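Presented sequentially are two complexes of subunit A, the first with subunit B as partner and the second with subunit C.
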Partner chain A sequence: MFQSFRLSMAWLHTWFGLTLGFVLMVVFFFGALSVFDREIDRWAVPQSRFEPQPIPSFDKILRPVFEQMQPTQEAIAEMAPRVNGPMPETYPVIERMGAYTTHRDPVLNLFIGFDVPNAKDPEEAIWAYRTIDPRNGASLPDDRLKIGSEFFYPLHYSLNLHWRDIGTWIVGSAALVMLAALVSGVVMHRKIFREFFTFRPGKTSQRSVLDLHNLTGVVALPFHFFFALTGLVIFAGIYFPVGHTQLDPLHEMSERLEAAETGLPHDRAGVAAPLASVDAMVADAQRRWHEKGMAGEVGFLTLQHVGDANGYVSVYRAGTDRIALTGEGIHYKAATGELLREDPAPGFVDNLNEFLTGLHLQHFRHWLLRWLYVLGGLTGCVCIATGFIFFVEKRKRQHAKQGIQGARLVDALAVTTVTGMVLAALGMLIANKLLPDSLPAGWPPRGDLEQYAFWGSWLLAFIHALARSGPVAAGRLSPAWAEQCRAIAVLAPLAVLLNWIITGDHLLRTLSALYWPVAGLDLCLLASAGVALLAAAKLKRRALAAPAIDTAKREAAHA
Partner chain B sequence: MPEIMMLSVAMLASIAGMGWLALAMEAHWGQVFGPHAQRPRTIRGLRVGGGLALALSLGLCLGADHPSMAALVWIMTLAAGALAVAFTLSWRPGLLRVLLPGI
Partner chain C sequence: MRITGHHPLWRIAAAVLGGYAFTWGFIALGMAGAFALGMSFHDAEHLTAIIGFLIYLVLFLWAFAARSLARVWAVTAGGALVMAGAASLIQHQLT
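On to the complex of A and B.
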């Protein structure tokens, strides 16, 4: 089919990269933002602007909150199709409940799963969630969307398309294509070592764009490779769902065997039992970790089969001192507080799996590595964006002569995914600050409106990019690039200004208090405005100089 | 040495190591010292020096953190160092003269 292996790799790299590159761009950009998802949450939810807290006393603070929690009307309506007959009136039986936090969370996330006796899948529970201030147990308003951890982060792995997990599948295929693009890219690249440090901004735009594409691809190659790979490993259970399809009976048996082996009951006994002091169990777990010389903060606390004689409490460590996503879980009998089991040290396969997933999920406490991950993610964005631009630069004159619209369309899509995506994120942050604290009756929830602002801004950016793409069809530069850069330069400082006006936390205050979550995001917004201004100025110069360069080149070619 | 110092020096060592490796290449030597500058006979010295600086960076990362974390930090400092050197070569190549003060 192709004359050489290298040409077939080039075909693969070009066309697969083009089709799924747009998805990868979203994955890389919002992945880079997700490194600081909790910090973006602080910016978005002013009520949560305080220092990170350890998990509070279960007996005094968490237990009363759990006792009030009930599934929402939306959750009940959502589950209704999956039960036989009507949904139950009350939910007295708690299957599971727990609390989850990290070393960067001031607020605490609680979840609770109630048994639904007539559910079609007897294992399925109905869930309720709450976010509390762990210092006093007060609940945060339900309609506050944590933009970082509840929108940007899931956008990074699921595009927030939840219907049949379609978004997760699209991202998974993009990750697979990315691995193929990395391998084919290395095969195509003739001078990996000779041009390792090479970026020649003064050369023709096609050459300098290719330099930047190669540079950002090669120097961060280990990062690109391992993040695509570990992303796939994390979702292996979704991509190969054998556990609950073909092998369901085996899975069920394995769960029972595991329960027998670990001594942690798989089912309820059906006999009511009281709950002993969970605080005493947590204190015991911390003492055991301490004896092994490990940092002893609790990251995850769950109660299984609540109120039953078979109930047990599991205490997991927040693994801030390791890459591996370990928990060193310790389990206690809920009724008596008697130790049931200490998880043994993981074997080689578990160790590897925990390292690979931990590397991607970043529960560790290491600010330098976090920033280096942001650098890696943005390097990936530059690599993909320059790939699009190279595609367009290589073809636009040819397409202009032949009257094909291909380069024009790709260029408009590139504008939408590069600058348009930043505008969408800014639109969301601005909506977050402009929406009033309590909305008029009949309005959609606040978080939904913020999401509409995101998708709406992105759609506007796409329409603008398409409408202004005419010059590309004539072989010139689209003015949409510079115009959207200028829009970023206006909107990013506006978000900072609105944060000041609405919450009173201006940069002088957050910097002098060293409250980095908010100060850091404000500074990053200002920095992106600066970069956007520089880019706009550069694009203007290039647009003015472009015809001259073109004639010069043609003359040189004729000479 | 406190952790933050070790990591800062590791970052600097990665940048310097990448810089020496770049200077060992003819084209980049020309960018920094002028196209007609006499190249030293010790290209090998630059390569070895660059390699040693990167090894020093790894050692410092290992001193600061658990090995699993240190490996990731080190690999990422290599990427950051290579980018820093490449962009310096593009826009301010003269700055890399600090890596060879005698010349």
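On to the complex of A and C.
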């Protein structure tokens, strides 16, 4: 099909990069935002604007909350197709429950899984979630969407399309294509070293766009490659569910062997048993970590087979001082508090896997590295966006002559995924502040309305980009770029202003209190507005200059 | 457009589906084999996944670069069948 290796790689790079590049833009942009997902949560949920807290007393604070938790009507309806017969009336048996926090969380996430005896998959439980203020156990209103960690972050890896994990599969294909685009991109350009230092902003827009595409691709190549690969590894269980399909019997066998070896029961005994003091177990775990010279905050606490004689409590350390995730688990018998097991030091594969996934998920405390991740993610966005623009610049005059709409459509989609995506995020933040504290009866939950604002703003940006794309079909620049930049320049400061009016936390107050989660997002919003204004001004100059060049060329050609 | 044997769609199918099948076979055989040799199930799962995605990438690129598309299909589909079959045999022996 292709005459040479390089041509085959160029074809692959162009067409796969174009089709999955739109997905990659979303993944890179919201991945960059997810680095500060907890901070965006603070901005969105003013009730949670206080300092991060350690996991509180289980016996005094958490246990009463867990005892009230029940699956929601939505969760019951969602699981109904996966049971034989109707859903149970009550959920008396708790299979697993726990709490999870990081060094950036003021509020605490609790989860609980109830046994569903007639589930088609006997291992499947029905889950309930709650967010509490760990200082007093008070629950946050459950219609508060944590925009950072519950919307932007899952958007990064699943596009928030959860039906049969379809979004995660699309993102996975995009990640594989990202890897292929990086390799094929290197093959296409033999002068890879020179690309490092080449940026000619004064040249034609097609040439300088390509320079920028190569520069951002090459400079951040290890970053892009590493994140695409580790992203795939994190979800390997979804992409290649070998252990739950073909090798399920082997998996089951290994789990039973492991349960026998670790002494942590795989199943319930069927004999009721009380729960000893979990606080005493946590204190014992912290003493054991301290003896090993490790920071002793608890990151993850779980209870398995709750209320059963086989029940056990696992205490994991928060991984703030290392790359791998939570770890050094210590397990206790729930009924007596007797030590069952201390996890052994991880082996080579565990170390490798935790290093790779931990470096992607970054639960560690390192603010400079966090910012470098944001920078890397945005560099990826520049790389992909300039790829789109190069595609359009290279073809739009040709397409204009032939009357093809291809460049026009790609340009409109590029506007939608570059500036339109920023507008969608801004629309959501603004809705978050404009919606009243308690909604009238009969309205959808607050968080749902915020999500509608996101998708609605994005749809509007797409319609606008398409409606204004006419000039591209004539070989000129679409005015949608500059117009959407101006919209960003208006909406971003509006979000900052609304945050001030509604919550009273203006920049002077948050900056003088050094409350970075809110001050940081406000400053970033203002900076985006500044960049958008600069871009709009530059685009205006270019749009004014472009027809003149075209006419000059045409005149020269006629002469 | 007529879809002949030379249409890019066949290349894309070989890259995506053939590459996936081969990688599945590799992961299955790697997991069963490493487990049989004494590695823990989840260690084997993680290790083969990390290597598996790199193999998928190489096959994906090769499907476009290779002169003979038939060879790509033979290697990916054939390799997938042989390795997945071997994995099931090992599992049968162990359980």
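The working rule: the second predicted complex is superposed on the first by the 548 of 559 C-alpha atoms of A that agree within 3 Å, B and C clash if a C-alpha of one lies under 4 Å from a C-alpha of the other, contacts with A are read in each partner's own complex, and residues count from 1 in each chain.
The working rule: contacts are C-beta pairs under 8 Å (C-beta built on N, C-alpha and C of every residue); 3 or more make two chains touch, one makes a residue touch a chain.
Just so you know, these numbers come straight off a predicted model, no measurement behind them.
Asker: Considering only the touch criterion stated at the top, classify A:Phe240 as touching first (subunit B), second (subunit C), both, or neither.
Answerer: So A:Phe240 only meets subunit C here.
Asker: Looking at the overlay, does A:Leu250 come into contact with subunit B only (first), subunit C only (second), both, or neither?
Answerer: second
Asker: Would you sort A:Leu215 into first (subunit B), second (subunit C), both or neither based on which partner it touches?
Answerer: first
Asker: Of subunit B and subunit C, which one contacts the greater number of residues in subunit A?
Answerer: Residues of subunit A touched, subunit B against subunit C: more for C.
Asker: Let me test your reading of the model: by the given contact rule, A:Leu339 touches which partner, first (subunit B), second (subunit C), both or neither?
Answerer: Once the two structures are laid over each other on A, A:Leu339 reaches no partner at all.
Asker: Report for A:Leu368: first if it touches subunit B alone, second if subunit C alone, otherwise both or neither.
Answerer: first
Asker: With the two structures laid over each other on chain A, which partner does A:Asp321 touch: subunit B (first), subunit C (second), both, or neither?
Answerer: The answer is first: A:Asp321 touches subunit B but not subunit C.
Asker: Touching A:Leu179, do we find subunit B (first), subunit C (second), both, or neither?
Answerer: So A:Leu179 only meets subunit C here.
Asker: Hey, what residues of subunit A end up touching subunit B and subunit C alike?
Answerer: On subunit A, the subunit B and subunit C contacts do not overlap at all.
Asker: Show which residues of subunit A lie in contact with subunit B when the two form their complex.
Answerer: For subunit A paired with subunit B, touching residues are 194, 196-201, 215-216, 219-220, 222-223, 321-324, 355, 359, 364, 366, 368-369, 372-373, 375-376, 379.
Asker: Help me check something: in the complex, which residues belonging to subunit C touch subunit A?
Answerer: Of all residues in subunit C, those touching subunit A are 6, 8, 11, 16, 23-24, 27-28, 31-32, 35, 39-41, 43-47, 49-50, 52-54, 56-57, 60-61, 64-65, 69, 84, 87-88, 91, 94-95.
Asker: With touch defined as at the start, can you tell me which subunit B residues reach subunit A in the complex?
Answerer: 7, 11, 18, 22, 25, 27-28, 65-66, 68-69, 72-73, 75-80, 82-83, 85-87, 89-91
Asker: Where on subunit A does subunit C make contact in their complex?
Answerer: Spelled out, the residues of subunit A in touch with subunit C are 1-2, 5, 8-9, 11-12, 15, 173, 176, 179-180, 183-184, 229, 232-233, 236-237, 240, 242-243, 246-247, 249-251, 253-255, 258, 347, 349-350, 352-353, 356.
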